[in-house]
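Quick heads-up: structures coming right below.
In the two assemblies presented below, subunit A is common to both, partnered first by subunit B and then by subunit C.
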Partner chain A sequence: MRTTTEQSNQGKVPLLLERTWNRGRRVVANPPMLLSILLLGVFVYLIIVPLISLVHSSVTLHSRDTLRVLGGKVGELTNFYFQRVFASNISEVLFYQPLLNTLLISFSMSALAISIGCILAWVVVRTDIPFKKLFASAAVVPFILPSWTISLAWMTIFKNRTVGGSAGILEYFGVQLPDWISYGPVPIIICMALHYYPFTYLLVGSALRDFDTRLEEAALVLGAKQSIIFRRVILAVVAPAILSSFILTISRGIGSFSTPVFLGNPINYRVLSTRMYASLQTGSPGDAYVIAIVMILLAILLMFLSNKVLGKRKSFVTITGKAPKPQLFKLKKLRIPVTIAVGLFLFCVIVVPLFVLAADTFMRVPGVYSLDNFTLHYWIGESTPGLVDGRPGILRNPSTWAALWNSVKLGISASALCGFFGILIGYTVVRMRGTRISTVLDQLSFIPYLIPSIAFGAIYLSLFAVRRGPIPSLYGSFLLLILATMAKNFPFAAKAGSSAMMQLGHEVEEAGIIAGAGWFTRMRRLILPLQRSGLLSAVMLPFISAMRELSMVVILTTPGTQLLTTLTFQYSDYGFLHMSNAVVLLLVVIIVIMQFILQKITGSDLSEGLGG
Partner chain B sequence: MKITRKATLIGLTAILLVMALAFAIQAAEEDWDAIIAAAQQEGSLTVYNPSSRMGIAAELFEEKYGIKVEWSKMNDVEISDRVAREHEAGVRGADVIITEDAAILMAQLLPQGYVVNYVPPTHKDVIPVEYQNPLVHQHQPRIIGFNNEVYSEAPIKNLWDLTTPEWRGKFMMRDPQLTSTNLAWFAEIIEHADLMAAEYERHFGEPIELTTPNAGWEFVKRLANNRPIMFSSDTDVSDAVGARGQTNPPIGLYVIGKHREIEEKNLALEAAYGLEPTLGYLYPAFLVMTANSHSPNAAKLFISFLLEEEGMSAWSGDMGNFSTNPTIPPHEDDPLGGTAAWAEVTFPLNAQTTIKYYADLFDFWLLHAR
Partner chain C sequence: MADIRLEKITKRWGDVVAVDDLDLTIEDGSFTCLLGPSGCGKTTTLRMVAGLEEPTAGRIYIGDKLIHCSERGISVGPHQRGVGLIFQSYALWPHMTVYQNIAFGLEMEKMNKATIETRVREAASWMQLEEYLHRYPSELSGGQQQRVALARSLAPQPDCLLMDEPLSNLDAKLRLDMRTELKRIHAMTNMTILYVTHDQLEAISMATVVAVMKDGRLQQLEDPLKLYKHPNNLFVANFVGSPPINVLHGNIFAEQGIWRVRTSDMVFSLQRNPEDDVQIKDGQNVVLAVRSEDIVLDDPSASFAMTIYSSLPTGSDTFVRLTRGDLAMMAKLYESDSLPVDSQVSVGFRPERVLLFDEDTGQRISLGSSLVGFTEATAS
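== the complex of A and B ==
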C-alpha cells in the first residue's frame, strides 16, 4: 500500500543499494514494523537476556563458595553446582526429596482443588440451590486474597507446640494435635487447594453454563442411562475445562512458595521453591539457580504436555447457537442440607480465616485467648519495650506506611508500563499478523507465564546483582522490582492488548490515514481512546497482582524497598505472627477494594483475571 | 659511579616517599576534627548489623553529630552477601557493618577488598591489640539455658545429653545454616574431638562408637539426628524455653543477653552453669567499614562512636554484651564478671577453625538435620 508512493524515489543509485535504502525507509516509515523491532529489543533485554544470565550464573563460581571450592576464583566457570545438586552426597536433600515433595503436593493439591471446584460449580450452576448470586461471587474470594492468608489462619488455629513458641487456638483449648495436622504436606495441600479451587470453579462453571442441555435431552430421548449421559455427554463437554484448570492449578503448585514456606519450613519439609529460597538465604546462590532451571523446565514440560492433550480434545467444545435456559437439577430433600454445606464451606474458607487472623492481632500475649488479654497494641500501640522488640503498632509504624507506599508505587508504575506495552504489543502483533516477527513477539511475551514466580525472581537477581557489560547492576533498586513485576505480567498485558486490538478493525486506522493523520496522532486520537477498557484491564490486573505478589519479590527486595507482602513475611520470620496477620489484613482490605473498583469499571467478571 | 648515584637518588626518593606517606597517614589519622567536619558534610550513613539495638546507638549518634544513620537488622549470611553484591555492583549500600561471620570476613570480605579494617586514632591505644585486626566491637556468650520453673537445677549435666532420646525434638537453636556462629561452634566441637570423646566416656561410662571420623563429628551428627528445632532468632528460642506454665519445656541455645527480658516477659530462664565440657560459646562481633563507602568519614566517626561509652551504651546497659574497650566495665548483673571468665566456661570461637571445617560442616548439617 505504501510502497507505491515510495517507488517514485528512483535515481541513478545502484540497484542493491537502492533496495537496502528502500527497505530501510520502509521500516522507518512503517510504524508497526519499527515498533515490533523496538519491542523485540525490549523482550530480548527483559526476558531472553535474564534467562541466559540464569544459566550462566549456574555455572560460575559465587563468592561464598570460595570456601568450598578451594583455590577457586569468583566468576570462573564450574560444574560444581550441577554436580552438587544432581550427583553429590547432599543431592537428596538439595534436590530429589524437594522434587518429590513438590510433585506430591502439586498433584494432590490439584486433585483436591479440582474436586472442590467441580462440585461447587455443578451445585451453583446446575441445581436449584438458593442464594445463587451470593454463592457464585463468594466462591472466587479465596483466590483474590493473598495466597498465604489461609496458611496463616491455619497456623493460628492448628499450630501445636512441636516447634515452640505459642500454640494455636485448638491447643489453647486443650486439644493435642499431632504434627501432621499442624505442619507438612497435609495442611499445605489443603490450604493450597482452598486457594486455587476457583480456577476450576470458574472454568468448569462457565462450561456448564454454556452447556447445551439439548444434548442431554437428546441422549435421554435416545434412551441413554443417567450414568452414560454423565460419562459420555456431560463429562465429555466439561473435560477440556477440567483439563485446563488442572494445568493452571498444577503449574501454580510447582512454583508456589508462600504456603510451603509457612507450613513446611518449621519441620524442615521443603519443596523446590522453598529449597531454592533456603539456598539463596544460606549463601549458596549457585545451587538456587540450578534448582530454578529445573523448575522452569518442569513448567515448560507441563505446558507442552497440556498443549498436546488439550489440542486433541478441543474439538469437543463445539457449542452452536444459544442454548435454552438449562434445566436445573432438583435437589428436593437435599436442597437444605446442600445449601447449608455450601454455605458452611464458604464460611470456613472466607470468614473464618479472616476472623481468626483479626482475632489474633488483638491478643497481647500471643496464643492466650481471653478478654483481659485484649489489646489494640499491634494496631495503634506506641512502642513498648519487650513487645515485638519495641515496634509500634502497624498503623503507627512508619515501616508499614513506607511498605504500603512502595507497594502502591510498584503497582502503579509496573501496571502503567504493562498497559503501555500491552497496547503496543497488541497493536503490533495484530497489525503485523502473519509475519514472522509477529509470531515471535507473541511467543516471547508468553514466556514469563511459563516461569514460576520465584524462579523469575531468581533470574532477575542473577542478571542484575552485578554489572554485566552495558547492563548496570540494579540490585537493591526499586527499578529492579518494577522491571521484574512488569516483565512477569507481560503475558496478561499482551493478551489483553491483542484481544482488544483484534476487535478493532483496520478501517478505523485507515480512515485516520486518509484524513491525513500521522501515526502518533492516530494512536493518540483513535487507537488509545477506543482501547480504553482493554487498557484498563491490562493495567488493573498487574496492579492487583503486584500488590499481593510475594514469591518473586521476596528475593529482590532489600531493606530500602520493603513491600507490604514482604513485610508480612519478615514479621513472621521474626516470630511476630500477630504483626504479620495485621499487615495481611491491611493487604486484604486494599486488594478487595481494588478488585471491587476493577469490576465496577470494567463490568467484567473475575474469570478474566484468571491469570493474575 | 653513575649507577651508585642513581641508586642513591632512587633510595633517597624512596625514603622521602615513605616518610611523606607515613607523615600523610599520620596527619590524616591525627586530624580527627577534619574527619568530624567531613562526616557532618556527608550527613548520613548506612549500617547493616545483627542487632535491633543499633536503633538506640543510631539515635544517640544523630543527636550528637546531626548525622543520620540508616540501619538494618540482618543475619550475617545476608550481611556478607549484600556487602559482596553491593561492592560488585558498585551501588551505594552499607558504609559500616557489624558482622559475626568471622570466617567469611577473614576468608573473603577482607582479602577480596570488600571491606577494610579501620581502627580510629581515638581508640588505637585503648582497644587491646589482639582485638584490632580486624576490629572487634564486642563479645557475647551464647549459652545453653533451661526453664527454671519446671527444673530446679539444670536438667542436663553434659552436652552429650542433648543427643539422647530424652531430648529428642526438645533442643532449640538458631538455624546453623543462617547463623554462622552456631556452625562455628560445631567447628570448635570438632576441633575438640578428643575432649568430646573423653567426656562421652566419663558421662556414659563406655567409649563412644563412631560412625564418623571423630567424636566431634559424631556429636554434630547425633545432635542433628535428634531433631533439633531451629529458629531464625534468639528471641524465639528464649521465649519458647522460658515461657511459664509448661510441663515439658525444651532446652535452648541463645545469647545470654536474652536474660534481660526475664522480667518484662515473665520468663523462667536460667543458664545451665556447670555443663560439661562447655556451656556454649563466646563470639566476637566485628566492626568494619566497606571499601567503597560513600560516606567514609561518617563511617569512621561512627566506628569511633560505637567504641565509646556513649555509643556502646545501647548494648552495655544490659548484661551479656562485653565491649572490647577496657574502660567500659561489664554490666553489674553479669554473673561471671567479664569476657575472660566467660571464655573459661565456653568455647571461644576461632575464625581459622571455622574456615577449616566450614564447607564440609555446612553440607554435613544439611544432610543430617532432617
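== the complex of A and C ==
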C-alpha cells in the first residue's frame, strides 16, 4: 500500500503520458503563467508591433510619393525616404541642421540644468540655509508644471516684433531686444534647463542626503583638507548621481518638442522633433518616420552609454547603519545672501512665469500693460467679433470644456488601465522571477521609456493611420490616444506595480495558498487590499502625465479629440497667446491639485527628506 | 495524524542543486528539526513538503497519501495536503484583524459562521489571544504576532505543522518563552511537527529528532542528545555545540599493537571502542575532536602543557582559550574564575569523550575512543 507508485505503471509510455498530462494541467491552472502569456501578447501588440510598423512605414512608398519615384507603386519597398533624409540636396535642412541643433541644445541645456540642480541640491541639503522645507518642495515645482509654461512666459516677456504680432513686456517698456534673446537656441536652452534641473536636484540631493557623513569625518580625522575632502570624497561619491541625471536630462532633451516649437519655430529654428512634426504636417510621413527612428536610436545609444559608464557603480551610496545627522555646512556671513539668491531664483522660475501668464490674460489689447486695458474677456467674455476671431473667453468656450473633458477622460481611462496592468505586470514579474519570461516582460515594459514621446506618437501614427489586417485604422479615435498614453506609461506602472509586489513579499500570498484560497480569492482579499498605495501611484502618475503630455498626442489628436494641452498649442499657433496662456494656467491649477492629492494620499513627496 | 516520507527528493534550480537525493522519514507524532547552515536546503525541503516548491525528482508521502511524484507528474495542491505552515515573517495579513486572520482558512473550507467562531475562539484561547481578537497585527508585539501565526495554522487542525525559523525574529527572552510554548503544543496535540532552524541549541532543546543537513544532503538523523555526543561526521560535530568542537590534526600509526595518533608535537595512545567497526589503517590522516567541556585543566593524568591565552568568565562558568604552538583550543570550566594570561596549565581530555574522524572523508572512525596516554613527540 505504501508502494502505490510502482503499481499502476509498468510500461514507459503510459508513465510519460501521465506525467505530461498531469504537469500540463498544472501549468494551465497556474495563474502567473497564464498571465505572463497574456501580458506578453499585450506588449507585443502595443510595443513591438508598432515599432516594427514604424520601420516598415519608413521603407514603403506612400501614395503621394509615387510620382517622385520612377515607376513606384504604393506599398512598394523603397529606400527613397532614407535617401532623402540622409543623402539628398534637402538633407541639410531636413536632417543635418536639425540634428546639430538638437545636440547643441541637449548638451548645453543639460550642462546648465545640472549646474543649477547640483548647486541647489547642495545648498538645500548640506548647508544651514533657513526655510529648507519650503525651498525643498519649491525646487521641484518647475518639473511638475507643463514643460512649455516657462517658454510661454518667456515669450510674453521677451518677444520682439521680428515675427509680427504684439510685443513682449520688455519691448512695451521700450527695451529693444535682439532676436537671439527672443527666439532660438539661447531661450530654448534656458527654458529647458529651468524645466529639467529638478532631475539633478532630486538625484544628487538624495545622494547627498544618503551620503554617510562618517566618510567625510574619517577623511577629516585623517587630516585631509576641506578641498581634498570635497574633491576625493564627496564628489567621488556623488559622481554617479550626477552622471545618471546627465543621461536622464539629455535623453529628455533630445525628444523635447514643446519648448523648441514655441521658441524656435517663429524664426525657423528646427530641432529633430519639430522637424519631424513639420514633415508630418506637410504630408511627408516617410521622412518623419526616418527621423523618429534616428531619435529612438539616439535615445538607446544614450541609455547604452549610461549603463556602460555607470556599470556597477550605480548604487554606490551608503554601506549600512544609520548615518548620524549630517554636519551642516555653516554659511556664516553668506547665509543671508545665499538665502536671498535661492529665494529669488525660485521666485523667478515659479512665481514670475505664472504671474506673467496670468497678467497677460487680463490685457484686452496684447502688449499694452495699462489699467484701462484690463479685461476678463479672455476668461469669461462673451463672443466679441474682432477679438480672437470672436471666440468667447475660455471658461465660456465650449471647446475648452470639451478639451478639459477629453483630457480628464484620457487621464482616467489611461491611468486606470495603467494601474490594472501595473499590478498585473508587477505580480507576474515578481512571481515568475528567475524565469526567462519574467525577464522578457520586465524589459519589454521598459521599452517605451527609451522612446522619445514624439517618436512614440509617430510610431502609433504609423501603425494605426491605416487599416492593417485585423487591426482597424484608429486615427482620429479616442481609443488611439488611450492606447498610446497607456503604453507610454507602462514603464512607470510596471515599476510601481513590481516594487509594491516586492515589498509585499511572497509569504503573504503563500499563507493564503496554504489556507486553501484560490487565485481570485487571494488577489481580491489578500493582495489587492495591500497594494493600495502601489496601485495609487501606478494610477496617479500616468494620470498627471496624461494631463500634461503634449509632444506625443500632438500628432495623434484631431479636432474631435482635442485635449487641453493640444488646445494651448493650437491657440498659440493661431497667435492667440492670451487664450493659450489662460488654458495653460487652467492646466497648471489642475495638475498642482492632482499632485497635491497624490502626495497627501501616498504620503510620498518628490522632495521627501531633502533638507528639513 | 500522519508521518511524512521523502523518497529520493532532489530540487535543482538550473545548475544549483538545493536538495540532493534526500531520503527522510518524519515519524508520526515526532517533533523533527531540520538543522543546518543557511543554504543547506532545509527551507527548500520544508517548502516542498508544503507544496510551495515542486521537487525536480522524487516522491513525497503524507501518511499513506502520495502528494508528490515527479515521475508521474503528480503534485497535490498545498491546501489538500493537510499541513499548516508558519513563516519566518509570520505572513500575517496586515489588513485583517486577528480574528479575521485566524478565520480565513476556516472560511476557505466553507465552514458555517458558528463553527468558525467556535474554532477561532478555541485556537485563540490556546494561544492566550482572546483579548486581542479585534486588533490588527500591527498593534501587537512580536511575540503576540507569533502566537497569532500559530493560532492561524492550528485552527484548521492540520495533520502536520511545518515551521520555518519561526522564532528568529524574536528577542532572546521571548524566544525562550516560545520554545517552551511550542514544546507544550507538541505534547498536547501530538501533531507531527517539522521545524526548520539554523540554531542548534533550538533544535536540541525542542526536537525529538534532529535531521542535520549540509549542501542539500542529510548528514545525520538522530535523537538530539545522541547527536551532540555521537556526531556522524566532522561537519555535524562542528555544527552542533557552542563553542565549536576543538580539533587536533594528526595521523595514525600502530606501535606495539596499540593504535596511536601523532599530532604536530604530541602522540596520543588510543583505545578503540569495541563497537566501532570502521576500518583504520596505518598512516591514515585523522582528526581528534574534543568538546570544550571535555577538556580538563590541571589534570594529573595523561596531560600536557598549554598556555592560557585568555579567559572569559560568564558568571556561571568560564571559557578558557588555550594555545600550544599552532594549536588553539577552547575549554569550558564549570566555575567562574579569571585565569592569569600566559600562565601554564596541564591539560587533559576526558578519555571516553574523544572523537576520532577521518580527515579526508570527515566520517567518524571511532566513538568515545579512550585516550590512554600522551607523550611529547620526539622531533624526528
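Keep in mind that, in the parts below, the second predicted complex is superposed on the first by the 573 of 612 C-alpha atoms of A that agree within 3 Å, B and C clash if a C-alpha of one lies under 4 Å from a C-alpha of the other, contacts with A are read in each partner's own complex, and residues count from 1 in each chain.
The working rule: a residue touches a chain if its C-beta (ideal position, glycine included) is under 8 Å from a C-beta of that chain, and two chains touch if they have at least 3 such contacts.
Remember, it's a predicted structure, so these values are computed and weren't measured experimentally.
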In the overlay, work out which of subunit B or subunit C sits against more residues of subunit A.
B
Touching A:Ser63, do we find subunit B (first), subunit C (second), both, or neither?
first
If we overlay the two complexes on their shared chain A, which of subunit B and subunit C does A:Arg19 touch? Say first, second, both or neither.
second
Between subunit B (first) and subunit C (second), which, if any, makes contact with A:Ser370: first, second, both or neither?
neither
Could you say whether A:Gln226 touches subunit B, subunit C, both of them, or neither, answering first, second, both or neither?
neither
Could you say whether A:Ala465 touches subunit B, subunit C, both of them, or neither, answering first, second, both or neither?
first
Under the stated contact criterion, what part of subunit A meets subunit B in this complex?
63-64, 66-68, 74, 88-90, 93-94, 162-166, 268, 278, 281-283, 385-386, 389-390, 465-467, 473, 475-477, 558-560, 573-575
Which residues, counting only subunit C, touch subunit A once they are in their complex?
13, 50-52, 59, 61, 64, 66, 69-75, 78-79, 83-85, 87-89, 91-95, 104-105, 108-109, 152-153, 156
Name, in rising order, each residue of subunit A that touches subunit C in their complex.
1-2, 4-5, 9, 15, 18-23, 26, 434, 505, 507-508, 510-517, 521, 525-526, 529-530
Residue ranges of subunit B in contact with subunit A within the complex
52, 70, 72, 74, 77-78, 80-82, 84-86, 88-91, 93, 103-104, 107-108, 112, 169, 172, 177-178, 229-233, 235-237, 239-241, 243, 250, 261, 264-265, 355, 358-359, 362-363, 366-367, 369-370
